[in-house]
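One structure is given below, encoded as structure tokens.
Here the chain labels run A, B, C and D in written order, and each chain numbers its own residues starting at 1.
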Amino acid sequence: MSIVIDQKTRVLIQGITGKEGAYWTEHMIALGTQVVAGVTPNKGGQTVCGVPVYNTVKDALKHHSIDAAMLFVPPRLTKDAVFETLASNIKTIVTIADGIPLHDMIAIRHHALAQQATVIGGNTSGIISPELAMMGSFPHWIDRVYKKGNIGIMTRSGSLTNEVTAMVVKQGYGASTLIGVGGDPVPGTRFAEMLPLYEADEETKAVVIIGELGGTMEEEVADAIKQKIFTKPLVAFLGGRTAPKGQKMGHAGAIITGGKGSVQDKIDALEAAGALVAKKPSQVGLLLEQLGVPKH
Amino acid sequence: MSIVIDQKTRVLIQGITGKEGAYWTEHMIALGTQVVAGVTPNKGGQTVCGVPVYNTVKDALKHHSIDAAMLFVPPRLTKDAVFETLASNIKTIVTIADGIPLHDMIAIRHHALAQQATVIGGNTSGIISPELAMMGSFPHWIDRVYKKGNIGIMTRSGSLTNEVTAMVVKQGYGASTLIGVGGDPVPGTRFAEMLPLYEADEETKAVVIIGELGGTMEEEVADAIKQKIFTKPLVAFLGGRTAPKGQKMGHAGAIITGGKGSVQDKIDALEAAGALVAKKPSQVGLLLEQLGVPKH
Amino acid sequence: MKLYEYQAKALFKEAQIAIPNSVRIETTDAAEEALQKVGYPCVIKAQVLTGGRGKAGLIQFVKTKPTALEAVKTLFDHPVQIPSLLIEEAIDIDQEVYLSITVDAAAGKALVLASAEGGVDIEVLAAESPEKILRYPIDILIGMMPYQAREIAYDLGFNAPLNKSIAQTILRLYHVFITYHAELVEINPLFITKSQTVIAGDGKVSIDDNSTHWHQAYENNETSFGSEAEKKAHLEGIPFIEFDGDIGLMCAGAGLTTTVYDLINDAGGSIANYLEFGGPNYKKALQAMEICLAVPSKVILIVTFGTIARADVMAQGIVDAIEKLKPNRPIITCIRGTNEQEAVNILESAGLKPLFDTEEAVLLAVSMAKGETQ
Amino acid sequence: MKLYEYQAKALFKEAQIAIPNSVRIETTDAAEEALQKVGYPCVIKAQVLTGGRGKAGLIQFVKTKPTALEAVKTLFDHPVQIPSLLIEEAIDIDQEVYLSITVDAAAGKALVLASAEGGVDIEVLAAESPEKILRYPIDILIGMMPYQAREIAYDLGFNAPLNKSIAQTILRLYHVFITYHAELVEINPLFITKSQTVIAGDGKVSIDDNSTHWHQAYENNETSFGSEAEKKAHLEGIPFIEFDGDIGLMCAGAGLTTTVYDLINDAGGSIANYLEFGGPNYKKALQAMEICLAVPSKVILIVTFGTIARADVMAQGIVDAIEKLKPNRPIITCIRGTNEQEAVNILESAGLKPLFDTEEAVLLAVSMAKGETQ
């Protein structure tokens, strides 16, 4: 099992004819992902990796049933692509673009919430259920990271995800589904929103979250644990615990968090809720073991 | 019985301290309307006709339960007042302003639909359930027009409503609820949307609609009859049957109606659906009689 | 408020929609220089606010200087007063597209109407083959998004590379629609040239009358009137149309006035003028009557049934107007509504015989106009 | 991208938010004329992008010419490089209000933060009495509506007549937020003067870094750097911070780099510099190493675990950089990810001994920095 995507998910690729789109489409297919259609304006009629390309999402839907859309679209065109996809009633969208304008992302988040849709990204590698399917740009062939297993993994970071996941794998675990929610200030999807899916997924025995400074996503996870929305074991690793504070954004950042919001504050909140927080990446797998999480 | 408002409806008046607002508040109360609160920015703390005035709708709701809002607000401030009211979850709004900018009205209509709210107006006298309650600016004391009875009346016009209603009353009938949907190109509420309420109202035995050139509201009524959404007797009167066509709005108007849209086309649609269309105001009451609509 | 073609095209240009090269002239004297600038062949287009200019001969296609000068002279001498002409380069056309944005009242949205078969016969197409006209609603809170413009262009049959320029034109036209609080923006035809570029052949922009305060540059657009009465009515803001019948209408409320109009026609009468002094104009009885008296008619019929427009105020206004203007024809009054009894007293004190039934008043007016009743 | 106070205030002025009279000067010589224009008392404010200027002595209140000139001189001589000063009239203050608009990431909305108790201690208030700070989310598709601004002003305790001017200021500030694609707009304090007018005492505008292409006028704002290395890093677009420890970090990915930072601190080591050459910079190993070498350190620790940022590309870059720059200190590499084996081969061919475990690499670096290992 897995959450959000598996080998049955029929995926549309927007921006499939671009260099990056075509490259990762090939890898998505190689992993087993059902890529059924592609979209690039004015490239309709071509094929990429055997996948038919259409001019619009609407056109693609005339010929295919589609469950999810993967966007390889430049950051400034992402809002348009997300809105096009949502207008076609596709409710699962992954967008990896790094550099989406903030106000566009606000509109995307707002619109996705209103449509009860899930937009994962931007500024992420996407989502992968190892050995089943992926929507994104993960080098799934690196087997000391992308190994199938029963740990749900969520992350705000890129390189740190590899670091931590490799340590989870080293300890004999693997991932059911790994979700990069992305490093932008306004991610399309937040950690806590995915927890009910992991909770419901029988295969997922525990969740690892990889967090960092800023925002309130880790605190929301702590709340979800407190409110018993998520009851499985949860281990967190957060980077930047000892890092100096960056230049603040006016007073607003401090006001929003009521003077909290440091990595240590996040760690305190998670621990108070009953989560375990690893001090270094290599501890993550050990803590899972310590919690008695089975390896298979 | 009546629809939309009766003597139990708790009404908030926006713009209560204005000359027009205060004048009609007095008359609404005189008729029996439960006016519980008023709102005018920066006039909070005053009273008008014994009604307490607040600065904001939010404030008023802290002290009162409110079912509906009546707006005596200038046309260019109407959008703001409607959105304020909808944000406070008041779902029935009447706005009489004449001159609301078209794009504001589009936004109002759109937002009201999204919130499943009813906005009646603008450019109307409002709504009245004779002897029970009114939200608007009807001279309810003119008893040869505003007589209680069992006919639902809906109109796009002002003076013509008096003309036609007087003829209905002359024939021994009266109104259960009279709704002026207003004369603007984008009314907040359309004839056909009120028909299910008249259909459900036991007291209403028939409906009279008073239409005119332009738009498609009369055709929508014909559709509702055809689809048996409305099954009671319906008599229509439409002004402008022989009037010369005005200057057309580009080709768009003609395109929207597919070359139809004249008053005669509307009459044809209504008659084809089974409604009776009066040729002159005095026939309206006669046609109700002819249909066997009881007078009490 | 309608804009002239040249004004609409100026807005298009501002929004980066391509328009043909052109020069506008207000006198025959300016023609020669303008024609030289534009070159031949060119199109000479009367700048009037009425539609159907092509079929009315108000647009002339000319290939040479003599025919051009002749056309300019003919147009400036036209019985319809033409304040200016637009002299425009002729475009080498491959296809004509129809494009407009108006309002979807039921949905509360903007509505794009588009057809790959644009041109003068678009209304015939709309009646006979409505499926050839695309309707695409736009949520104005979100605004028009590029994918929507692309979808429209594809649905019209335009693939690469034209899709891009058509979609861009649609987006830009939407920008004009929003910026100018329009009830209508229309390009018909939108030319596709032989070299596959896109250019606005005509332009209609109509600004919502309730939004003109944001666009006061155009408020003097209505400058050509058929008569002094029309001009005076326009200046007073009183809806008024002149006909050549017998009965002058002076009614309150558009619905009631058009109903009286119907009743007169049904009764075999004819109308001299439509005049509606209801709503904000209900205190303007004097001005209304002055306008009515400027139109030849045999009788003036006054019908009102006012609520906020108080009957007593209107009655007093009428009595004062009669005293001041001393009308040379009979006046029938049928004044009802708020403070009706006071109105009756006022009218009767002035020697008038008020009626209370519209249909009765209409029959009396028709009869008097025919000389059957004094 | 942060704007200077004077730039923020220019945007406020454009949006019709009142600001104090002021003159900006870039040299001491310009002070006398500027002071004469502004008059006394006045406030002399260093135009720097860092916060907490008041507490750092970078804002001086002066009443006379001699003290003013002295303050100008002191500020221009300040060890922190101050490119310009804003000389601003002193305002007769009755109350200080806090007002900002930022982003509510969870709701996907704009978020107004406001407090009737503004001023320098706003963060203390936020920590100790968070209920005194109002949070009001705004749907950016609908935009901020006047009633919302009124509600905020009332909730802050401002009734007539101040409600109107405060509400107007909030609406105008929202306009700046939207127009300039801001991640933050802030007025703290917003002065309420003794004569009950409203005026922006300070101004912060931070434009979203992903939207700066729309606002290129400000792209040269970051012009004062602590060192040449900082300047070079800024020009290369490489995130870089200098400290005074022993280990130079050259890592890829913000998350991984801060984690290495933590691990070094936990292991008792100290950091000479933070440098992150991941993402779009992963091919800039040469530039990254050049910057690292410009900072005194005992060892350079390179840690990467790239996916799109390929390990072999980074390894080759490092090898090329070593060859070219001939670093005078040991280099530890821990390069993993896409094409990892090729990376190992490249590094080993160049005589390096690649490690594969971050924590091991950190311990080695700490040990080498302490001279415990060669």
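Following the convention adopted for this analysis, a residue touches a chain if its C-beta (ideal position, glycine included) is under 8 Å from a C-beta of that chain, and two chains touch if they have at least 3 such contacts.
Just so you know, these numbers come straight off a predicted model, no measurement behind them.
Contact with both chain B and chain D is made by C. Counting C-beta pairs in contact, the pair that comes out ahead of the other among B-C and A-C is B-C. Chain centres here are Cα means. That of chain A falls 56 Å from that of chain C. Distance between chain centres (mean CA atoms), chain B to chain C: 27 Å. The distance from the centre of chain A to the centre of chain B, each centre being the mean of the chain's C-alpha atoms, comes to 50 Å.
Looking at chain A, residues 107, 111 sit in touch with two or more other chains. Residues of chain C found to touch two or more other chains are 141-142.
Taken together, the touching pairs give a contact graph of some other shape, not a line, ring, star or complete one. Those chain pairs judged to touch are A-C, A-D, B-C, B-D, C-D.
Chain B contributes residues 41-44, 55-59, 77, 79-81, 83-84, 87, 107, 111 to its touches with chain D in the complex.
Only residues 142, 145-147, 150-151, 154, 159-161, 163-164 of chain D touch chain B when the two sit together in their complex.
Taken in their complex, chain A has these residues touching chain D: 75, 98-103, 106-113, 125, 137-139, 142, 155-163, 166, 183, 185-187, 190, 210, 212-213, 215-216, 220, 237, 239-244, 247-256, 258-259, 279-282.
Touching chain D in their complex are the following residues of chain C: 141-142. The touching residues of chain D, when paired with chain A in their complex, are 2, 49-51, 98, 100, 102-103, 105-111, 113, 122-123, 126-127, 130, 133, 135, 139-141, 178, 181, 183-184, 186, 188, 204, 206, 208, 210-211, 241, 243, 251-256, 258-259, 261-263, 265-266, 274, 278-280, 304-309, 336-338, 340, 357-359.
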